[in-house]
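See the structures that follow.
In the two complexes that follow, chain A is the common piece, with chain B as its partner first and chain C second.
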Partner chain A sequence: MNIDKIMTDGLAFALPLFIMAIGGIYSERSGVTMLSIEGFQGFGAFVGAITVVILRTAMGASPDWLIYIATLAAVLGGMLLALLNALMVIKLKSKMTIAGVVINILAVALTSFLSSVITGAVTGQATTKIQLSVAPRYTIPGLSKIPVIGGLFQNIYPFAFIIIVVAALAWYVLYKTRYGLRLRAGGDNPHSLDAAGVDVNKLRFSAVVLAGGFAGLGGMAFTYTVANFSPASYVGYGYLSIAALIFGNWNISTTFWTSMFFGFSRSFSDQLVNELGLSSNYSDLFSVMPYVLTLIVLIFFSKHNRPPRALGEHFDKGKR
Partner chain B sequence: MAEPIVELRNITKRFPGIVANDNVTLDIKKGEIFALLGENGAGKSTLMSILFGMYEPDEGQIFVRGKEVHLTSSKDAAALNIGMVHQHFKLVSNYTITENIVLGDEPLKRFGPFSWVDLKGASEKIRALSLEYGLEVNPNDKIQDLQVSTQQRVEILKMLYRDAEILIFDEPTSVLTPQEIEYLLDIMEELRRGGKTIILITHKLEEIKRVADRCGILLRGKLVGIYDVATTTTQRMANLMVGKEVDFSVDKPDHEFGEVVLDVSNVTVYNDLKVKVVDDVSLEVRKGEILAIAGVSGNGQVDIADAIAGLQNISEGSITLNGEEISNLSIKERIAKGISYIPEDRQKEGLVMDLNLRDNLAIKTFDREPFSKKGVLQPNAFEDQAVDLIDRYDIRSGQGSQTITRSMSGGNQQKAIIAREVELDSDLLIFVQPTRGLDVGAIANIHQQILDQRALGKAILLVSLELDEVMALADTISVVFRGQILKTDDARNLSKEEVGQYMMGVTK
Partner chain C sequence: MKKVSNRVKSSLSGLLVPFISIVLTLIVASIIVLLLGKNPIEVFLGFLRGSGMALKPRYGGGQGMLTDFFSYLSILTPMIFASLGVMLGMRAGLFNIGVAGQMLLPGFLASVIVGYSDLPSYLAWPLIIIIGLVVGGALGALIGFFKHRFNIHEVVTSIMLNYIISYITGFFINTYFADTVTRNSRPVKEASRLLIAGQTGGGIRFDFPVGLIVALIAVFLMRFLLERMTVGFRINAVGLNKYCARYAGINVGGNVVLAMAMSGTLAGLAGVTYYLGFANNMVPKVLVSLGYDSIAVAVLGNVAPVGCLFASILVTIFQKGSIYMSSNVGVPQDIASVITGILLMFSASGQYIEETLQRLGRASRSKRGSKTDPDQAKA
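Moving on to the complex of A and B:
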């Protein structure tokens, strides 16, 4: 079996999942139920991809650094959709779960509509499938030669580095800074924040928008691993990241490990299918393995897990 | 005493359908303990929330230290050194004491572009404060592991940490045991000696007598007057706050008890955490008898009541009602057999807070005739019953049968529950802490209701933390300690002091 490949692919899958889960953690720890990671990641990736198309056409060339512009655009795109979500749940006080589902449906519809309109206008050829260049990959000399885990250091996407830095920052902000202390209080007892003179709704608003940014980053990373974006890119990774954060008990460091668990169980099952040379019917069966594992894991662990106490409750000053 | 530190001028605050504060003018002097007294719903919490910046008044002015101020959030109040301990604590349960105290006013440490919350430094400051005022806490404990009295200390420390000079306490003693109350009142006096100004909201007149200098009385949102505590009797305070003569005498004629209605024998209960909370308890309640379970909070008394009502399973023993075993029946079946239950937490277990009064009053009988016929609800029957009960039990609310119960004052919520439960006409009535947080008028009213049920020959089980209430009402007293019944005796044979001793586990 190709251990190196399992390691490489596992990490490439796990890291975007992890950063998206961090987005969910930010939102949920502030008290806002977050089901729209899926929509944020898709919409963010779309904005990234379409930015590439526009710049590529304008410049007539496709330099490597476009990938960073795309990433930035994806983050902003995710935040944009998250802004809408935040308006719905915080300003208009719509039900958080319903808003999440609406955002996800909206994202799919909006991206297929917009991508044909924009590609049509920019390139003259309307399509919902946006081809991207292949991302550069890096191998770290020395480390990549370590037996078994050497694969972790081979063929790394540039996103891996970005995600690791952003995730470390996100951890620091959530657990060490003033903003983080307040954010986590919002999901447990928002009235305590209000009594301390902190604007709960503003805080939650910012947490949801940040969640959109994290999800956009994850979405762009996924998109570059397949080198194209289409509405078919919505394949449930957003939901999987939510499972990862629940399994990770709404805690960033635990969620790191659960994301890794999902990532490697997926690359392992992919390799298994390859190795055994199974027909596509069976390979499908194996591809559901990570999801079945998720289900089993959640059944056993969700009992011990503690969602934030005020999760899903709108904050209303007057309510007694 | 010194100049006024706070002046409220013509404060008016309206909520839908009600004027919570109606043109209230009062001033508070520096260094005094000022008590605020009033019936449930009189507007005390609202008035103080205005001073703390949580609500903005519709009309009126606020002066602090002689200067007019406009408070739009509690931050503004904190900047003026005003602090408040709310009726319902506002603490983050999975945070440490330190994290809770610094929240909103975090000390930072910096390095380059990075800054982080200096929890270590804060912990030390909190430790020092807690020593200075005798408020013992361990700054690194988590709130969820603390008893209520310790949580309250955290709330007090929170104010002191922010250098509050004006300290508002909203019903701080309703959650404390008698010993803890003494301790808290001592701390208040200590704070006054330290030059702090204290505003104390409470329903307990003895506490006002014990610590307060002056007392402002609110009645239906209006200020009745401000009185010198030293020269005003508690009876007069009570009369002023209710607006009429309050009768504290209890009329409890001796009578013969009938046959046994409730028989609990050798019952053991484990809670969700598999801890034994009720340990081999036996008791009997007869027709026309009030059996009171006395004890310090958390000694299993509520679990006994819950086990009888069916909210908790028993692991050993038997419970019979009129000779019939009920320990395997569902809650609903037990209600049908004749158990009425007035729970400790009226908001969680007694009422559906977002339903209206009419539906709450029918919530145990909606599936019976005449409220439903062949599975179809009969709204007219609901309405008729609500109108009748609101009238007979004097349940006051903004919009009658249509009032959402959440907006009702605590006393009226309790009246609604009692009306519903008494109307079930059950053989056994269980009252758990029936007067917690209620004003003296409402308490007298509820005590009368309980005695009326006794006169009708009902069996009554009363669980109360208030020793005075137990002594006033009980025919028989059982004292619980650590889940066991230490002593059961005719109430006439026991003095208040003796019961108090048993409550502490002293068996002589």
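Moving on to the complex of A and C:
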């Protein structure tokens, strides 16, 4: 069996999933139930892809650094949709789960609607599929020769480096800074936070918007692994990242391992289908594996799970 | 007396908030259409024409407004069932986001077991309905059981089940039941479609959806269950405050499983009426968006059975009429989903709209008061 390939593909899937889950952790630790990661990642990726198309047409060339512009645009796009989500949840006091579904429906609808309007206007072709250039991949010399885990250092996408840096930063902010401490208090005991003179709603607002940015980054990374974007790109990785963070007990370092678990179980099942020489139909049967595993694992672990105490409740000063 | 007047008032505001949501949505949708340089009235007329509620300029032979209208009714049927399912879950404080999956599995099994067989309609129809009831109910009960026994949130379980169902049915459709040309599943036999086909009225052909009668019965059954029966009272109590319900001696876990099972049952009926009454085949690995739109419908319908019926009627106009509208007015078909999304956004903010109305009401009252009271006006 091709262990290098399992390692490479697993990491390429696990890292974007991990950064999206971090977004979910930020939002949920601040007390806002987060179901809209799926919408953020897709909409962010759409904004990134459409930026590439517009710039490419304007310049008549497609240089390599366009990938980084796309990533930046995706982060901003995710944040834009998150702004709407935060507005609904905090200002308009919608139920958080319903707001999440609204954002997901709106994201899919807006993406297909806007992509048929904009790509038609820019490229003159009526298609909702946006073709992107193939991302460069790097192999680290030396480390990539290590047996078994060498695959982790081969053919790495540039996003892997960005995600690792951002994730480390996110971990530091959440656990080592005053802002992070307050954010975590927002989900457990918002009233004591309020008594300490912190504006709980503003804090939650910032957490949701940050979640949108993280998800946008993850979404763009997923999009570049297949090198094109279409409204069919909403395949539920956002939901999977929510499963990863619940399985990871709302904790960044644990969630890192659960994301890796999802990534490698997926690449392993793909390789298994290849190895056994089965037809491509059977890969569907094996694609079920991460979801079945999640349910089985949750049956054993969710008794010990401790979600943030005030998760899903609107902050009301008058309530104790 | 006071109680009665409160009741009248709450039912009025229950109508006012959805009404305002609808008006706001139409305004926003009109602005989007205007930005595209199209006429909003043409667009809305296109939706109505596509749903058989307004006359099209011309029709094909033997077709008429009635044909479109009954075709609209056949997609309305699963929408009513699905929104009732979401509604019942919400009443018990459960969020059934997995309606699409709970539609697909019963639809798939009914197609495979009954749809491809040679059973006559009078045997096939009841069998299909029973498969919908049992399979949907079992899926719902499983989700409820996982929540009750293992403390796994129903949203997580239903999302995982959605994927598992869509991949596994996708595998079987691709491997055993695929049409060689379309790659979708083979269409089900005429006799097992939940339609009384080939009716004529005034020389116009139409197909009558059998499921619609069941759906209307379900609406009133749900209303009776929630308003008049002990089971409904318990479910409401669990949804309003589960600690209070437990203190009152209600078996919270049992009712969670029961409510989820009933929600799944309704979703199952939505599935069989969709896949064997409207679509007649299945696209592998695709969950229908109707399953998610039904959440919008349930919220817009104020989480009440009759509200769900009226909200379904409205939202289905956009979904059904979009194809005709798009080909005749030239606005992309996806605007239907955008409108549904905006509608859902406004109706989800119902509490804020209500509070704003109350604030405006107070402001206008104090204004009127200040006119009669000069002292207050000076201050």
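Following the convention adopted for this analysis, the second predicted complex is superposed on the first by the 319 of 320 C-alpha atoms of A that agree within 3 Å, B and C clash if a C-alpha of one lies under 4 Å from a C-alpha of the other, contacts with A are read in each partner's own complex, and residues count from 1 in each chain.
Criterion: a contact is a pair of C-beta atoms (placed from the backbone, for glycine too) under 8 Å apart; a residue touches a chain by one contact, two chains touch by 3 or more.
Quantities reported herein were computed from a predicted structural model and do not represent experimental measurements.
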item: When both partners are placed on the shared chain, which of chain B and chain C touches more of chain A; value: C
item: Touched partner set for A:L276, first chain B, second chain C, both or neither; value: neither
item: Partner chain(s) touched by A:G197 [first = chain B, second = chain C, both, neither]; value: first
item: Chain B versus chain C as contact partner of A:V101, first or second or both or neither; value: second
item: Partner chain in contact with A:A121 - chain B first, chain C second, else both or neither; value: neither
item: First, second, both or neither for A:V165, with chain B first and chain C second; value: neither
item: Touching partner for A:L181 - first (chain B), second (chain C), both, neither; value: first
item: Touched partner set for A:K303, first chain B, second chain C, both or neither; value: second
item: Touching both chain B and chain C, residues of chain A; value: none
item: Chain C residues within the chain A interface of the complex; value: 36, 95, 97, 146, 150-153, 155-157, 159-160, 162-164, 167-168, 170-171, 174-175, 285, 289, 292-293, 295-296, 299, 332, 334-335, 337-338, 340-342, 344-345, 348-349, 351-352
item: Residue ranges of chain A in contact with chain C within the complex; value: 35, 88, 91-95, 97-99, 101-102, 104-106, 108-110, 112-113, 116-117, 236, 239, 242-243, 246, 281-282, 284-285, 287-288, 291-292, 294-295, 298-299, 302-303, 305
item: Touching residues on chain B, where the partner in the complex is chain A; value: 53-54, 73-76, 78, 84, 86, 88, 90-95, 99-100, 102-106, 108, 114-117, 406
item: Interfacial residue positions of chain A with respect to chain B in the complex; value: 172, 176-178, 181-182, 184-185, 188-189, 191-199, 306, 309, 317, 319-320
